[in-house]
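Common to both upcoming complexes is subunit A, partnered first by subunit B, then by subunit C.
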Partner chain A sequence: MKHFSLMIRNLTRRPGRTISLILLTAFLAMSLFCGTVVVSSLRRGLNSMENRLGADIIVVPAEAESKASMKNLLLQGTIGTFYMDASALERVRETEGVGKASAQIFLSSMKADCCSVKVQIIGFDPENDFVVQPWIAESLNHQLGDMEVVVGCRVETEVGNNFRIYDRNCLVVAKLASTGTGLDTAVYCNMNTIHMLLQAAEEKGISHKIDSGNDSEVVSAIYVKVLPGTDPGLVNNRLNGHVRKATAIRTAGMMTEVADSLGGVSRTIAVLIAAVWALSLIILFIVFSMMVNERRRELAVYRLLGMSRKMLSGMILKETALCSLTGALCGTALGAILVFPFTTLIETSLKLPYLTPDAGSVVLYAGIAMIVTVLVGCAAGSRTASRLSRVDPGTTLREGA
Partner chain B sequence: MLLRAENISRRYFRKHGEANFFEAVRPVSLTLESGKLTVLNGKSGSGKTTLLNMLAGLLNPSEGKVFLDRTDLYALGDKELSRLRCEKIGVIPQGRSAVDTLSVYENILLPGILYGETPRTEEAENWIAVLGISELRNAMPAELSGGELRRMAIARTLTASPEVILADEPTGDLDSDNTAIVLTAFQQAARAGKTVLVVSHETDAEAYADQIYHMNHGMIEQE
Partner chain C sequence: MKKNVFCGILLVLAAVIVIGSVTVLGPCVHEDGSEAPCARAGKAVFCDGCVLAVLAALILLIRKPSVRIVLLFVTLFVAAVGIALPGTIFPVCRMDTMHCRAVMQPAMIILFASELIVSVCGLIVERNRIRRERP
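What follows is the complex of A and B.
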């Protein structure tokens, strides 16, 4: 029965006091850990989206903005099937200031027997593409062949499987790394494949005809990289004037909107964490103040029997540290249970790109949350320890004798 | 061991009332010798407990010094004084003095283990039996009566076997049989060479005393 066991006895035989301390510190750790992970995921999501986008301007059919905005497609994977005449690509390339231009064709699969799952299918031209290809190259070491597809990380299939789209079997040759954006739920193929799939969709009665009636050559979006030193705003204006029935959207504006939303969400989360911490610290302070009165007599006995002030402070601090550490561990674990399985739900609710940090960062955040919580717990406890160690045993034990 | 007080006094500051200071103990000199049971009696509020606390190293005198043999108690730092109190001075205070999170038996062993010594289990068993609290050894303090708690505190001090025993109203909650058992135990401790001081406002202890002091309005006189 040495100091350590005295501490354990003090904690286990006052379960109400101990549990309330553990719960409070758990709450502190959980809020800090969850908040940090969510904010970090949003920042990573934004960075990932910036990296993946790689274009200065996106040209879409004029009706696309109302039909299904590019932002929703990119952020949430909202399926968008809009088309314009493929000649728009040439007109874009002809526009002054345009450095690179690459087209994509969108198609939606169906939630029916003919298709494995309902997803956005994106056809691109590997020869000219500068948006998808560099990203795909990280997971695939050869040129994407006909009837081969690369799937986003959240598409439920594996490499080597056949992926059925409108009764056509495509071979899954790679699965992409997570981006935290709507691109994670898409399927990518080359232009030959997308044309075959468009044909197959037509056979199933799914039309991709454009208003002009020319259904032979269509594109859904054209990604534009302006020439170095050129003002993207100027090029954007030229494109809007030069390409008929199309709208040019600056990705910087899109990213700024997302960044603004992210900033707002981050601030809200920071305020929430601060509020939780302020409330918890007040409660922690009250609990410790109550403890001063509750334990005054008990600690006077320790002093009477020969425990020094330093030993007494040490014992109280160790008790507090053990409670805080237990609380921090439980809070962080609970935070992980809450935040990781519900990544998709959080992403959907926030409507922002969301990319969970890597394991190393998560461990770092967990460590920081635990250390901060234990330090705050000990700081709150040290005041109590200091006050209690100055208890006058003679007077205290005589009071209410 | 010789416990010696040299002109110790204790004043308390008063916020209200006619005088600014209340003198609980006026300058007192007192020598407690080993092998003797000394009784200090007096009415409630006469300053007995304040004097005992100063002798125990628990309350700094306003003036004067307290020596345990040649050691000036209040010249020691808190660490040294606390350790000396644990090893040499056993105090039985008024009122409840149990650690509520420890059982009766753990409370009795507590002084011996504070500085990592081997628990004095044999002595504990002996005093538990002598003081009639064997059946309470695993009980928690909250389950005990005032008299049982008092016997537990006495068993704790006697188990630690310090050189000096300072008991403040040790028989206050006890019946006549237990009072006799406790006072006999203190007398035996004195015979074994311990320095024992029993503070009481009752007369029971006087029959066991080797010397008696009377305290009145903070002043002491030998009877």
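What follows is the complex of A and C.
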């Protein structure tokens, strides 16, 4: 207790030095914690996207500019309203190697219907669907009825509320779990509902430029699962040749692109963390080296008062550990304040799937960041501690006199 | 010296709130010029920030400890109200990808919470000073 109070008095006697040590270690902990959380969130987002996609190939109208439109729709929730003739679904099913095929129809809401932004409305066929249905089944235990909708976790409404789309009231029957992708801002309904909504949109004067003029004979995208043992690339080529005015896109290619972008972001974050750590460590070593000269006389007095070398180096190490621990706690807390409230901002800025880790993982990352920071702080201080403990009190005090 | 440090931080935070609410930390802006649902929340945050800036300036100028304590209490209350302004007292947009939900609301909550914490620290320092000066 006596040593502890001496340690505290040593630290408070020089507030400038103590605060700079705390700030440096806080910076180290914050960079490590924030970097780890962001990279881990990106990895979780990619895994979630892979799990949710479920299809091997997506067939979209040629004018949908294929990959870019679908990728933006999946990652950022960009509104995609493109249509092709519903007969494309039959042609896809007839194609050799196709195991399952399920169509979806996209529609965007008006700005004023909700929240001052458009939301993507996705109509799917619950009978044949293998993409959305398994995911919806986690939150809804009955078949999706007419004028019933399931909303993504980021659509601000609650189960049991009415969601107004083109002056039609739709009942919210379930809210989906977060995926970290653009699909979190979408609204899902069955084919009857989407046709009613398409009609309501037409009545409000919003043209969807449907070539056939009949909105019950259109689809926006067809999701394809190939037969087991079949090469998806081969089926993709067959679909491109077999289905007119449409483009087949392999989801694996899209995932690879996302994984590449994620790799790039992870590398950049790793380089930034390394740069911050290198810089902070250099400053930390300089601060400790300066401390050797500054505290030489003070420690010589301690030695004269009867403190052993071991006790002296222990005291310096404990001071460093206390500063590092305070800094690590402050840094981790500051990192949490910076990362968690701005999750949406980070996600929209990176334009990559982003899913925040669960509480257990966050506590683990915080713990690791704090332990590493305290260890590095102590390692930087140990050299100083050993140098200062070897101070010859007589010579030092004579030199200073 | 210590009392002015807290007032200085209060003033800087208030300035960040005021400038932020009309620039990067402000409400959503519609391309067609129409008013977003979060516009009133943005205006309220701006007004609250102005009140905090005036209070911080007064605390900085006034030397009488009892008046400073009262002003710090008012600052604490205004900051607490500020936390509830975007989203609780005034509505914000309903999609959490909107600028007001992704940037304005969290940033303002953090800034007003910091203002509240600093005013509490200022109050403690001021009370200790009065106790020390008492004969």
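What we mean here is this: the second predicted complex is superposed on the first by the 386 of 401 C-alpha atoms of A that agree within 3 Å, B and C clash if a C-alpha of one lies under 4 Å from a C-alpha of the other, contacts with A are read in each partner's own complex, and residues count from 1 in each chain.
In this section, a residue touches a chain if its C-beta (ideal position, glycine included) is under 8 Å from a C-beta of that chain, and two chains touch if they have at least 3 such contacts.
Worth saying up front: this structure is predicted, and the values here are computed from it rather than measured.
K.L.:
So in the superposed three-chain picture, is A:142 touching just subunit B, just subunit C, both, or none of them (first/second/both/neither)?
P.N.:
Touch status of A:142: no partner.
K.L.:
Please indicate which partner A:311 is in contact with in the superposed arrangement: first for subunit B, second for subunit C, both, or neither.
P.N.:
Only subunit B; A:311 stays clear of subunit C.
K.L.:
Please work out whether A:297 is in contact with subunit B alone, subunit C alone, both, or neither, and reply first, second, both or neither.
P.N.:
first
K.L.:
Is A:119 touching anything from subunit B or subunit C once the two structures are fitted on A? First, second, both or neither.
P.N.:
second
K.L.:
Could you let me know whether more residues of subunit A are touched by subunit B or by subunit C?
P.N.:
Touching more residues of subunit A than the other partner does is B.
K.L.:
Please give the residue numbers of subunit A that touch subunit C in the complex, ascending.
P.N.:
Against subunit C, the touching part of subunit A is residues 77, 114-117, 119, 154-157, 185, 337, 341-342, 344-345, 348.
K.L.:
Enumerate the contact residues on subunit A facing subunit B in the complex.
P.N.:
It comes out as residues 1-2, 6, 9-10, 13-14, 297-298, 301-311, 392-395, 397-401.
K.L.:
Which of the residues in subunit B come into contact with subunit A in the complex?
P.N.:
The touching residues are 49-50, 52-53, 56, 58-59, 78-79, 82-87, 91, 93-102, 106, 109-111, 113-116, 119, 140, 156.
K.L.:
Once bound in the complex, which stretches of subunit C touch subunit A?
P.N.:
28, 30, 36-37, 93-98, 101-103, 106-107, 109-110
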